[in-house]
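What follows is a pair of complexes built around chain A, which joins chain B in one and chain C in the other.
For the complex of A and B:
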């Protein structure tokens, strides 16, 4: 890297002071970000974390001076390398973008131009910003692709964006951002659209690159676990304000703001347990920008709210003096009096629900989709039909009151499985028995009312799950009426009201249309609708993946409460291993349409692991610095479902692959103890030797480590104070000397004057 | 974010009158839409109150060849009279009523057919979709005017046949729009939810899908009202319109054709302006509705 681009270490790369950003809408000016100050030094990674609508992306857009037509910078300054960006001309800002400040967005496919080859898009950056020749630019582009660990970059450069996988697309976007050697990289949720195993690779790459290139990072995410892996410092935002900022260490060890603290309580960490230590959701929801309360914006949701202190005026940022972190600041009027760490993070403990008889049995269920292959080669070989094996020999049982977690990355066939159960598709082979009746081959239209009502579904997308044209009450009532549970309109109304109570929504919501509800509220209505017909089994297809952490925790708890009350069997389909670990009694791990491992939650999360489970576990970001994690990053991409490996589906990416046997032979299903099954060629004994992926310290160790940290912090603080005192005394001495000198001078002057006079 | 801004202080229950008032209030944000809406409402009011407004019987032979703004025999003729001495203003007013009635009836009928076809094609897919789409494509491949002339010439000129012709020629276009919307809406999760509780296809199409397709359909309806107005005018001009002697804008232009060069251009220009103004009104209204619906 040439010297002139090396960041000047004295001047911070980015210095934001009292930044205020607003949007202008029909309802008038809406302040989106207020009183935002941040300093990013050279080579530093700063995280910006918060739930959707808190203004984190707006900050990034503000830095790029790219606020759109209806947005604007209302106040404050943004200095880039010491220069105020407001004083730069549009042309200068344009040159800065892409060259000095680069941005990486969430959706890689949208960031790449689908009609240009990768090579053209990459070289364009260089020919535009640095004016070098195409040949040289292509060289540099290939080098950069190599640096982001893309195998065979030359070949990839000739492809179009749609021909490569999502993970590779995001790598290309990162390469493109780094090509002009920016000194500041803004990453706006760069891995949210990717699968966990792919995400793990990208996060590792980002951390590695920031170290190697010396670029500063501003990493925006809603995921605290990712912050831990990438950032040095983080800012927690809430409703347009930074509520707490500090080093990773101090925020994770001593969160001072009740909101930060609450966020940690919402994350299903490995030691959370749905019965003994349930999640504690933050009550209420984010205030709308024009309905922010007076005083502390978090007030209405805070357990420590005191009207006189918190509800009167704007709360300023204050320095936290109790730890050895000079940058730890918090926007809380009571941070010094309230000890959030002793407050219960976990909700109330519950009795585990007893498990009843078998409700759902899936036996060798297969679902193939036919794909017509009309190519010439296919006609010659006589194989004009090809099959997408979406589900291959699925086997498991679910009992009453039990929660089965079905985990896998996108394309593993978990949604197809849900469709077959619901009758939206019919099984190609095998049986699905619900209450001992085979329903696998019965399409939804031919199912009896009883079969329909006993199997209901909670959907993924809160904005899509309710019909926007009908009222909430109408939609829930329709289910009750349709299944003939009640006939009389008054009784239907009564039941709708009861269901709204159950999902903890105000009764008045019955008259509202879905667009008047927030995402979490819509999902609650979706749950009420699913339970309206008294189902014996409910399938929840990623019900919380589109929700914010605090809302997701509340919806998760709600789902479990209702399940417990109705003794429902719950099939919880998710890609999020931590959520599944928290919720499920038993887990089914799927890959490419096949079950890789199944067993109770404890069995699946401890060795022996299937190598795929092991990799999945390692890929999940965990927001707890105490937990040690073994890193396994999977190479390569999911193979095409049209052309899966002949042997084990995972053999192309498996870090423990044995050799030919994995590629050519179906792995045997090995049974370890009661009901724990692993489909792998590696002998169980060998898999048992594998070290656990996560090392969770027990309570005692945790306490000891925290105390150690506290002691260290105190010592450092004392040292700092001593140094300060020493410095102060030195200064006092200097001042005294100066004063003495001044006295002398005065005396001299006096003497001189006197002499003159005489 | 902006989408949710007004959620919490909204009145909980809205009756249909409030909803309409709110829709009109929304339209106020588009000046173009307001102008268009004003023109359309103006014509509608005139049609409704035709018996009160119209100064003379539209078919009465008074004084022939009177130029506009003149008084003859104590009778004031704002737009003059035609070759048979009929008051052009009165004929315009009554003709407007007929044009609006038949345009509305024809467009609504075309919509009824097009919506059913489109829902069936888009929801059931498979051979139903292929059959319906094929028929629609065949009809759409004919020049529209040729179709109209063929149909009316075969069946004879009458109000009912005009409606039939319009349904035949424009329902395939409507079907295509509805089919596209249906294909999109049927992938939504609330449709899957309705399917998994065993709702009938008819219920899903009419109750779950159709109400969510209304936005684009309302805009298209306004545009199509404009086209149908032109069509009725054109058919009248070709002598295939509503049967005489009752007034019809297109027919008025045709009858006046011979006298335009003879010093009485007003006899053709005034009804022509009426057609243009009404069509313009529908188009502007459609533009305005689209503009408002695209705003957040």
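For the complex of A and C:
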């Protein structure tokens, strides 16, 4: 450690004032971050939250002074432990990086050098910054790997990054960041690329380690739920500005900025309901940096926008005096005029759609992939052909107007299942009946136009699914023509227009190319294309996971509106339990190609749980401080699909594993009530006895808790005031006593003088 | 890794077998043609028949092929028609000559190309990058015969610093190597430099380089330890391909400077139908091609652990 930087608890670790960061492009200077101030104290954990393009990662790069060739710090100061970083030379900044300020990245695979061993990548941090020998550095690296709970660290040190799983890669990156005990850790979406159960483990690890090392954290994420779990304070960013900052408690309980408030309305929290309390999307979209409006950047999307107050000049940050939080600040001109908390946080309530006849039946469907093993050992043992069981005995039914949620982590076989339904793969065994016709064995090219049009798909990444060189109208029209719905060009055009109306896109978009559209708009086109042939069933494969929170809410609502109108059966494939809970009527939980649990949404989200569902529920971060959650963190990784356990697929990670029976025998499917099925060896009665993972307070409890919180805050304030008053009165008394003493002294003196005179 | 090497060499043997078979069939399938090309256009049919019988060309094709392979393996390359001497006597000296020329060129060319490529790719878009890019395109787009003439005009006729031919009449001479090597390096380095530059520029934008920078490593260390190895993966294949070109593609340069090399030998033999020389040269060229590709594959797996076999 350089001598001039000593740990000092009084000086904030990081102090940023009025920071301005810009990128220079051919179009000129583009401000990426404006008027950014932040203080991070020792041991504190601060969150930066916002949607993509809001400048949160730019802040992290600015702190690291890593802005690339076309970016730079335009104004303001960044002080690290009291030292102005602008005054440091490049060499000094280099010595800070990795030693005093370390970073953890979004994609661990990309962040590690593919052609260097883990050992080399870890030890160089120490040999560089602390000047110790390779041997000692390797010792310390192994210790650190042990601290991040990597089993058998010495063996792992000799591996290359591609040989270990994503969760382990992220642990290696964390170990690398913590090796030389930094005082500030920047985490840029550290868990976004990971599965939820892996994410839960990483989040726990970061909390544990920061506690142990005393490092301050600057946590960057788009996920408000995660922020709630990991941060003390958060800054909400919008279009390059902090719009609101304060303690977790006050931001989550009393969000003052309409944008923050709107974000909460977009998140499918457990008490949201697609019929009674639908999501309320924020209208419009994030302005591009060079198209920011005058005045408040959020103005065009804000329900409380008033031209005279909001649209004239830059809105300054203002102090909000909530009683218990002196640092709650907001950038809104009308924050004390409008009460966002009473404003609509939910959309309009709707009647639940009636469910019709069975449309899709899947019976014992199996999909195996053959893998040729040409190794010598396999030839000797006669097992030269192995099978990847991507789907194993899948059973379920879907009715008209119903939404089925299919949940599982990566590698659970949910996408294979979609491929079989679509005919991109054919089933190895079993039946898939759509409108009573078995289509499981019919590849997509042999399906009739009717079969094709009645089963359509909305894909995950809207950027990749639209042909970049065709117009939007052309692409939708082609589907209509291809399915033989209309032949006449004029009528096709009319239908395209209607579809654009349906997905709430302007008709003029028919002439545009995909590159002129935003992500959310492209996904709307994807939905229009899927619904072009009046499908009876639509498969939506992670349709919103690539979209930002506010856009995702709008797309979700749109999808449901269209579904309601067309009485479509929707298969909603997702890893996001919150979204599935909100959307689905019934849920299928998959793990390693098998169905673990199946039932209505209420059944799946309440005991009895399958132990995997239980863990999955616990892993999802929820952006509501009122909800209490039981923590279950899974150990280990998903087993290889080539070599799954012989018994229950979940037995390698299950916290409630019974013993040999789980490892060797297929679990029986136990039926609880109507159609709630759980594949587990643990008896239902025992499964029933667990506490619910989530404790969702009802409205009354919520109000009470809020009032309690307010009362407590008031009490604290009153006590503080009383203490102050008491102190004041004590001072008064002391003063009086002093005065009295003085009087006495004067009297004594007078008496003495008088005596002298006499 | 050992198994990979064994497998690669097995494959190499197979390719060599197929290629020698094709080469043999193309040249010696018809015994009459062989006899004609050895004895010349004025030989009588009886003479041809006699030659065929004396030299065992009346045996079956398979036997003759095996016999030929066997003789190749013990180093008997046959009798040259033009030189009336065993092919071995000419062939090995010519191959060695080209080997020297190619070796010197290869070392200089690869070093120059890699250094320039890395320097350019490290700072994409900088004036240094632009200069190197333009230079490499310019030199690569001038063919060898043109650059040979230009260099000769300058250094031989105008300045008079260097000899105009490289026939090595008085034994090996370094000064006679300068011009042929320069011509080959000028022509060849640009391509590798461009490949290296593109690869390096790509590597410099990757996340793992950002990781290395934000780990606080010195710039030199980042380039040498983190960037270089990854950046060399793509150009490595190209570099191995260049060895082929250096063996048989240098005929223009050899001719231009009167250098007694392998390319020149092959050309002469082909023009005058000296079939045993053609065969020997063909086998050698194919062997070098296959061998360098095998080396290339092995080196590639070494550089890129992601494709390393278990």
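Just so we're on the same page, the second predicted complex is superposed on the first by the 707 of 758 C-alpha atoms of A that agree within 3 Å, B and C clash if a C-alpha of one lies under 4 Å from a C-alpha of the other, contacts with A are read in each partner's own complex, and residues count from 1 in each chain.
We take it that contacts are C-beta pairs under 8 Å (C-beta built on N, C-alpha and C of every residue); 3 or more make two chains touch, one makes a residue touch a chain.
These numbers come from a predicted model, not from an experiment.
After superposition onto chain A, partners chain B and chain C are found to sit side by side with no clash. In the overlay built on the shared chain, the residue A:436 is in contact with neither chain B nor chain C. In the superposition on chain A, A:30 makes contact with chain B only, while chain C stays out of contact range.
Aligning the two complexes via chain A yields an angle of 30° at the C-alpha centre of chain A, spanning the centres of chain B and chain C, rounded to a multiple of 10.
Contact with chain B, but none with chain C, is seen for A:422 once the two complexes are overlaid on the shared chain. By the document's definition of touching, of the two partners only chain B reaches A:53; chain C does not. Once the two complexes are laid over each other on the shared chain, residue contacts for A:98 go to chain C alone; chain B is not touched. A count of residues in chain A touched by chain B and by chain C gives the higher number to B.
Using the contact criterion defined above for the overlaid structures, shared-chain residue A:461 touches chain B, although it does not reach chain C. Look at A:469: by the touch rule set out above, it reaches chain B but stays clear of chain C. Touch criterion not met for A:155: it reaches neither chain B nor chain C. After overlaying the two complexes on the shared chain, residue contacts for A:487 are found with neither chain B nor chain C. Taking every C-alpha of chain B against every C-alpha of chain C after the fit on chain A, the minimum distance is 8 Å. By the touch criterion given at the top, residues 125, 206-208, 210-218, 221, 225-226, 229-230, 233, 303-306 of chain C touch chain A in their complex. Every residue of chain A that touches chain C in the complex is listed here, in rising order: 64, 66, 69, 94-99, 102-103, 105, 107, 110-116, 120, 124-125, 128-129, 160, 162, 173, 176.
Residues of chain B that touch chain A in their complex: 1-8, 10, 12-13, 188-190, 192-193, 195-199, 207-208, 211-212, 214, 295-296. Touching chain B in their complex are the following residues of chain A: 23, 25-27, 30, 32, 53, 288-291, 422-424, 444-445, 447, 449, 452-453, 455-457, 459-461, 464-470, 475, 479, 482-483, 508, 511-512, 515-518, 526, 529, 533.
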